Amino acid sequence: MSPVVLFDAALALGVLGCAALALTLRDRTGTVAAFMLTGLLVALSWLRLGAPDVALAEAAIGAGLTGALFLRGARRLGPLRARPPAPAQAAAAALGAAVLSAALLWAFATAPAESLYPPRVAAALEDSGVSNPVTAVLLNFRAWDTLLEIAVLVVALLLVMTLSPPRVIPDKLGALVQPFARIVVPVAVLVAGHLLWQGAEAPGGAFQAGAVLAGAGLALVLGGVRVDRRVLRRALTALALAGLAVFTLAALASQAVTGALLGYPDGQAKAWIIAIEGALTLSIAATLCLLFTGYGRRSAR
Amino acid sequence: MVTETSLLVTLPFLAALAAAAAPRAAATLGMAATLANAGFAALLARALLADGARETSLGGWEAPLGITLRADGLAALMIGMTALVGSAVALQAMGRPAPGRPAPAGGFWPLWLATLGAMNALFLSDDLFNLYVTFEILGLSAVGLTALTGSRRALRAAFDYLSAGLAGSLLLLLGVALAYAEAGRVDLAAVPALVETMRGRIALALVLAGLAVKAALFPLHFWMPAAHANAAPPASALLSALVVKTALYVALRLSLEGGAGIAPARAALAVAGSGAMLWGAWNALRAERLKLLVAHSTVAQIGLIALALGVAGNPADSTLWQAAALLMLSHALAKAAMFLAAGRIAEELGHDRISGLNRTELRPGAAEFAFAIAAVSLIGLPPTAGFVGKWVLIEGLIAREAWIWVALVMTGTVLSAAYLSRVVSRCLRGGPHVAPGARRPAWHMGDVAALGLAVGALALGLASALPFALLETTLT
Amino acid sequence: MTPDLIYPAAGAGLIGLALWRLATCGDTLRRIMALNVLAVGIAMLMLAAGRETLMLAAGRETSTLAAGRDTLTRAAGQDTPQTAGAGFLQAAADPVPQAFVLTGIVVLVAVTAALMALAERLGARDGD
Amino acid sequence: MSLVATLLGTAMIAAGVGFLLFAALGLWRLPDTLSRLHALTKADTAGLALVALGAACLSDTPAALLPLGLCALLVAVSGATIGHLIARRLMRRPAA
Amino acid sequence: MTELLPLAILMTSLGVAPAILAMPDDWSRLRTAVNLAAAALKLGLVAWLSLSVAQGAEFGLGLEIAPGLALELKADALSVLFLALSSVLWLLTTLYAVGYLEGGTDRSRFFGFFSLCVAATVGIAMAGNLFTFVVFFELLTLATWPLVVHRGSAEAHRAGRIYLVYTLGGGLALTLGAAWLYALAGAVPFAPRGVLGDLPQTHPVAVTAIFVLLIAGVGVKAALVPLHGWLPVSMVAPAPVSALLHAVAVVKSGAYGIMRIVYDVYGVETMQGLGLAAPLAALAGATILWGSFRALRQDDLKKRLAYSTVSQVSYITLGVALISPLAAVGGLAHLIHQGIMKITLFLAAGNFAEGRGVKTVSGMDGMGRLMPGATLAFTVGALGMIGVPPLAGFISKWYLGAGGLDAGQPAVIALLAGSGLMNAAYFLPILYRAWFRDPPADAVPKRRIGWMLAVPPAVTAGFVLAAGLLANAPFSPLGWTRFIVSLEYL
């Protein structure tokens, strides 16, 4: 049993344990804390599975922002209101879930898993404009998936706008939060820029940079910056919508130039990708920030 | 040169963004984009009829690395259906003030255009993971449409709808993950390889289970009636007629790709379909509210289409699955007309209790007439397209001696006649105090949309040679 | 347990846990959390499958995943891809499932935000 | 890589891990929340800083110090702020 | 251009229907004008069509619906017979309906569905293949249902529900049978002497089962015994509806359907080969007797006429089922004769109800003196039904008898005699009460009968006389049926 296998086993057990905690604790904030911990441990396991880009995104979005959303929800939804299920139903559900996960484990463990993608990605990496294979897949080979994914973000924002849930106006958090924000925000902007730029060669990219910027935004909101001033909210909304607009127009422009939708003119692929990623970073940050702060007129604690 | 396929998938999203950015101009922008989309859909259909199906690989990367947009007969038919029903529903939405209070930037138009874009992308997609992402966009925007009215029941239904939709999508994603692990690729060309091994069949079963949740097929349909009944009329028309169809379309696409190997999944689909038909009819017979009845009739009709897909899905006998596709198209037109008409009736009467339909003096004649024609098409009586679809289906089934399924299709027809005549007979019943020459309420844009769709269902019955010709160009 | 069974087992376990919770509890926040755990479980299965392909590929013939892999293996102090468990930073796995999982995470946060907005509007109206 | 740097690095990482272990022990054994805050903020920050520095020494490129140092700084700042917030909340309303 | 004639005839009522439906109720003058113009135009077109068909011209046009499925309109001798009947009587009944419904509610809806129903009848008459026949057959159900429930009362809706159950059930059986036949035989056009080719030999059981399904489907509308329940019940409909639909359009399309199936789908040889003719004839005979028997005991005038229709329509089915040219002539002629006689009776009965509020047989005392015109028409119709020479009824019964002998079925003569007696038994008391009893003292006119209500029954009574006296003229119903049968049997 080499030490790394031990580490993997411990990490897996940690993930499962925290997830069980998150789903079974009766106290709301306890479940959210356990959920954030699960997210961090899962980010570590992504590293061990050789997916650093995903680890960054998981830590920033999966654990960070989703945790913040759950905290906001936990405060508003009040104590847990669910009668425990009948024992028979719980047992049946447990049995069913166990059988399904066992079948899944058998299927995934014995699957041959000869993916067709690595050789093709390696071959096409040269003229994809970037050397980080994940960014190449995300923004060149399967750019259509990414465009639709940004559309998902925009539609989620539209939905939240339509619902206009009560807005987050945090109560006075004391004197220390302002200086904290003053330190964290510039560093976050710096890190985000670095992540965006190095995304072409090494793990990083629009989503991770956007998530870090959104984190900075959240810090500002919690620091008491009033986002509800109409001008700032409209600007953020415009920024949030701009990302998808830029990407779609770039796609159509690329077809006008090269005849293939999302087919970047050869040689300029890197320039197009960086431009698109820049717009995406800002738009994702704005969208995630707005998704957290909500849109409604009535302010609620 | 920018082709129709790329405009079909990008224009709606751009229009949605514009509508969200400029709420006041949303209606005109939305209507213009919907009509433009209809024009492109027609262009695509004409191009397909002229020189057959075509596949455009995005970014120039060949499958399986890149994603290809497959524009063939079946996709063009579905896009045409979406454009047609969408334009009528958009017309209805233009006519009445935006449902619910005008949200700052949200509202009907951006959500509808996002739905339109997502559906076009879904119908053209040739990649399972891409389908997962388009289903997510569709789920979110459909939930937005459901929650537009902001009433307590609509919000509750919207939450259940979104959580069920997410669960369905995650099942789909699990299927994609297993398909990747098994066949090493995730585009539809992997399905023939998946069909051979046990693991591949589990993957496809997971994908179909996810689709069953999204199509509200019988055992997994609990979230749907409340969502469709409580949404605003244009929204419920879109949900029932179009959004629920996308999952059935993907199921048909999978069964065409899978060929004979996917027979057990098809049998399960047929059994679930017949269960849905009976369950939906049973609930529709007991429903008190008009919109709930129409929503339950959607469950039943989806059951019938699933049964048709299950029994007629294999690509060998082409007329059979084309009949199932025609049933989908005719159901879309008729159901949209019925929901719009039901919405108009509920608006005029102030309530939509079935028992009270005939008590008031002024009843929207045009809306009732549209409801009646839509009912005729749903039951499948001539001369509507529903009848042509059922006739070709029954003829094919009899040729294959599948007598149980013929009996089931017949019972479905009888049941739908039973619960729909509950409503139509009340529209004809004279109110106790209908003064002679009582002024009918004036015509409303909603009536025009409902009647247009209903007459469309009739006209489609006569002109169903066109859909069949279009379906011939499908790549199987 | 052989090294490449740990993460699939964890993923399957997460899925089982999430499905069990979804089946037995109706509370809105818990249902959303269970859906998130389910999504993480699926991502784990997919990435585990993605990593296996490269190990198999590496085992059979040296993979040519040029730049992206080299920077990472150099950072981990090894020069050629090792079998599982040797280097701490495992050589880069198949990039396509990574793109899928990344897209999945962003989609998940969007849907979760929407679900939370709906839940709060419902919760805010009256106790539910 | 010089022998000294390796020795120094491993020593620092060992010390850092020691601090982290003590912090975990403190979190487990200490009676009330306020005292647990000490374990969380002080011991964890110190432990992490040491591990970061050790890792910087072990890695062959000096440039690796910059990101690792930034991590240590950020953890220190956020640890302090959050410690303050939790304590402030506790002072206003005794342990809910 | 002339081959578009069938479509033109169809569109005169199909095209007009939506326009009338969309009209507000109080545009009655415009609506009446459009209605009558359409009816007159249709009459002219049908006359032109029958002239050219007499000279042997063939009309046909098709619309491809799906691979292997087409809507076909074809005008041959048999279709012209039914076309003539429905277009002539539609004109008269529209006139009558305009008068009858003066000041009623929902008149646009009524006349819209009225012309839709005639369009369906015309479509059935000119159907070129079994699929088109089924389409228009079902359309007829949908078009007539709102007319049956037109009054909107609870009783009308009960009748409507029963009507719907019977006719939709029949429609399903018909669709299933037709789809089965299409599955076996590919396309099923209507062609003289049948189209089944070797199917009866290769799939005898299936072909018989299909025959049962098809006859059950059309039998509902042809009011064959077990399936006739809807006819008396739907007498609650207004008089013009009962007159045109239950005396002419609906019931006759059922009989016409039987003719098409027997002559143009199965063909006479197959019917004899599979032994399907005898049971059909027996069923028709049973219906004749049962209808007359039930008519005896009905006090309500329209119910009595309804049961008389049930029995009279089965004369046509009997004529078709007896495989002999003479019987065929008798049956086909009776299609026309029964139509004009029964519509006279129904219109007269409508006048009694409207003029004097008399709805029952017992109330008919002294009607001869109160409403001489209507009663005279009623008498001519009644005598024709009984089969008194020289009226139309006698001729068709004569040919039926001769056909029965020719087909070696002497029982037919006994059947005809027996039903003739029963007809007399339920019509003569009415005539006796009308002419030889003096009216009740407090008889007070309920409403003045305008010319629109009085003229139509008189005209149709005239037709009954003419059809009897001028039977040998080439253009009389009898002459035309001889021409059809000559095509069918030679």
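Just so it is clear, A, B, C, D and E label the chains in written order, and each chain counts residues from 1 on its own.
The definition used in the following text is that a contact is a pair of C-beta atoms (placed from the backbone, for glycine too) under 8 Å apart; a residue touches a chain by one contact, two chains touch by 3 or more.
The UniProt protein names, listed by chain, are A = Sodium:proton antiporter; D = Cation:proton antiporter; E = NADH dehydrogenase.
Only a predicted model underlies this, so the values are computations on that prediction, with no experimental measurement involved.
Any chain touching chain B that also touches chain E (NADH dehydrogenase) would appear here, but none does. Between chain C and chain D (Cation:proton antiporter), the least number of touch steps comes to 2.
Taking the mean of all protein Cα atoms as the centre, the chain whose own Cα mean lies nearest is B. Contact count check for A-D and B-C (C-beta pairs in contact): higher for B-C. Distance from the centre of chain D (Cation:proton antiporter) peaks at E, each centre being the average of the chain's Cα atoms. Per-chain Cα centroids separate chain A (Sodium:proton antiporter) from chain E (NADH dehydrogenase) by 74 Å. Chain centres here are Cα means. That of chain B falls 33 Å from that of chain C. Rounded to a whole number, the gap between the C-alpha centres of chain C and chain E (NADH dehydrogenase) is 74 angstrom. Annotation: 12 Å between the Cα-based centres of chain A (Sodium:proton antiporter) and chain C.
Counting partner chains per residue, chain A (Sodium:proton antiporter) has residues 104, 108, 111, 113-115, 117, 121, 142, 145, 149, 152, 155-156, 159-160, 163 touching two or more of them. Annotation, chain-chain contacts: A-B, A-C, A-D, B-C, B-E (touch as defined at the top). Those residues of chain A (Sodium:proton antiporter) that touch chain D (Cation:proton antiporter) in the complex are listed here as 173-174, 176-177, 180, 183-184, 187, 191.
Per the touch definition, chain C reaches chain B in the complex via residues 15, 22, 28, 31-32, 35, 38-39, 42, 45-46, 49-50, 52-53, 96-97, 100, 103-104, 107, 110-111, 114-115, 118-119, 121-122, 125. Partner chain C is touched in their complex by these residues of chain B: 129, 133, 136, 139-140, 143, 147, 152, 155-156, 158-159, 162-163, 166-167, 170, 173-174, 176-178, 180-181, 184, 186. Within the complex formed with chain B, the chain E (NADH dehydrogenase) residues making contact are 21, 24-26, 63-69, 71, 103-106, 109, 131, 134-136, 138-139, 141-142, 146, 149, 151-153, 157, 160-161, 164, 168, 171-172, 175-176, 179-180, 182-183. Within the complex formed with chain B, the residues of chain A (Sodium:proton antiporter) that make contact are 103-104, 107-108, 110-117, 120-121, 124, 140-145, 148-149, 151-152, 154-156, 158-164, 237-238, 241, 244-245, 248-249, 251-252, 255-256, 258-264, 295.
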